[in-house]
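Lettered A, B, C and D in written order, each chain numbered from 1.
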Amino acid sequence: MTAAAAPRAWKATNPEFRERVRGAFDANRAMALIGAVLGEVGPGLVEIRLPISEMHMSHIPGVVHGGTLGMIADSALGFAALSLVPAETNGVTAEYKINLLAAAVGHEAYTRAEVVRPGTKLTVARADVWDVREGEEKLVAIALATLVAL
Amino acid sequence: MTAAAAPRAWKATNPEFRERVRGAFDANRAMALIGAVLGEVGPGLVEIRLPISEMHMSHIPGVVHGGTLGMIADSALGFAALSLVPAETNGVTAEYKINLLAAAVGHEAYTRAEVVRPGTKLTVARADVWDVREGEEKLVAIALATLVAL
Amino acid sequence: MTAAAAPRAWKATNPEFRERVRGAFDANRAMALIGAVLGEVGPGLVEIRLPISEMHMSHIPGVVHGGTLGMIADSALGFAALSLVPAETNGVTAEYKINLLAAAVGHEAYTRAEVVRPGTKLTVARADVWDVREGEEKLVAIALATLVAL
Amino acid sequence: MTAAAAPRAWKATNPEFRERVRGAFDANRAMALIGAVLGEVGPGLVEIRLPISEMHMSHIPGVVHGGTLGMIADSALGFAALSLVPAETNGVTAEYKINLLAAAVGHEAYTRAEVVRPGTKLTVARADVWDVREGEEKLVAIALATLVAL
């Protein structure tokens, strides 16, 4: 798939975009609540990692609650968009959708979000979510979002 | 709108569906983590309430993190589907999508999910999310999900 | 469901909104191509009807192609948003999603779209799609969209 | 992005999957109606091309109707899933969502859909849609779908 095979290299207009994203992540109390950790940050690219523990479980024993995966994916999508906007602009999520592909298990989950199309009004980004189980990784969710500049 | 104006009355095949949903909610650790509370439960209908505090905030001061709203909506959608399946069947979320309509503020948010079409394989449900601010309520998100019976 | 049970009455800022929507529908060649017909138009509300014939069929005999239902739903969602914008503003679809609930059969399908939240930048609307079979109607799809003002 | 950078090689269980997909495409009247043409077919991969003419236009002159792009994307997603199911199984679309990234113009549009996760019950696939303008190509839409085996 052309688009999938050739991720774009976006240019951040804000030279301090890494500090911007890190500051927004640190200010986000919901990320702290679930124990999420900011990973790699690039122009239009954000990774969030989640060390999995009992508190993330769904009603099915050993299976992470899908909404928790949605929460890190949604956040990574928003921060990926935020990395490309001017310093004086803020961004919020207009909508997101997520397909849960497999039960997430193991000791960690992580998501990588990348901007598909940046814009002055709207930005579209997509994300994958993986779990990590004994050194192996499995794709457990895929998400797509529309972000709006404020 | 015809469909919207005339919510259906579904019939639960499991006479113990209320206990089933309550048991699943209580077993869900992610719901406890964010402080969500189960509200009304009916056949194909589930309400979840979230007393809002600092820990739910996004990086924008005073505004609830959208992923937190996604988390209660996603859960209510799943439990609404679970209320209609046979006792021996479990259900998981295949996918959900949520439009965030306005910044959620105030002291409480709640979501009501209702099944649009039940099925032996797939169930489709939709949900609204409201915030409560000084006695007033505002529609802050709308969601749609596909649930699969296991 | 509160939101579903109480559809809002929106106010069109453009007093000529009906002519505006009708003009846009008539200019839309894709609607003519599939034989779609504009039905009721109100402030934030648009209905499109599709007399079903062989040309709309999927690869499963007698079953309407889901993308055709998506096409009338997507259009009705866009026109519902267009009915609420100022005369000098145009609107385009940023994204839509549709759940296909049942095989659409019969001699007609129709969709009703209604605005859930209008906005100067973004409008969110939802739609139902019904088929008509021997005097009976069945809900066959449900859709949700984000529209952007230009 | 790991998942995006490394598309999977799926194995078709039906050795006649190319004939299967071509037969389903040829039987699909809606594809003929809009003038869509089947392109490359691989295991879990389907391309559909659409020579653009006046009949595909939206109400904005020169801009292809987004629902038409949705129609080829939705079809490619369904056929990509169909390429991986056993010979005796059929597949239908449970839901799809599409983000329209830019106005589609030019003389042709095409979509490539690839399966992200095949399954005996549910398959998830994603698609890109491009337009072709004077030898240049532009990504104009991105879609994600859930398909169900029957």
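By definition in this document, contacts are C-beta pairs under 8 Å (C-beta built on N, C-alpha and C of every residue); 3 or more make two chains touch, one makes a residue touch a chain.
The shown structure was predicted, so the numbers you read here are calculated from the model rather than taken from an experiment.
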### Summary
Higher number of C-beta pairs in contact (B-D or B-C) found for B-C
## Note on the structure
Taking each chain's centre as the mean of its CA atoms, chain B sits from chain C at a distance in Å of 26
### Task
Just give me the whole-number Å value for how far the CA centre of chain B lies from that of chain D.
32
#### Entry: Two or more partner chains touched - positions in chain D
94-95, 97, 99, 124, 146
### Task
Counting only chain pairs that touch, give me the topology of the graph as line, ring, star, complete or other.
complete
### Query
So in the complex, which bits of chain C are touching chain B?
1-5, 7, 45, 97, 99, 101-102, 112, 114, 116-117, 124, 126, 128, 130, 139, 142, 144, 146
### Summary
Contacts from chain A onto chain C in the complex sit at residues 94-95, 97, 121-122, 124, 146, 148
### Query
Taking the complex as given, what residues does chain C use to touch chain D?
23-25, 27-34, 54-61, 65-68, 70-72, 74-75, 78, 90, 92-100, 103
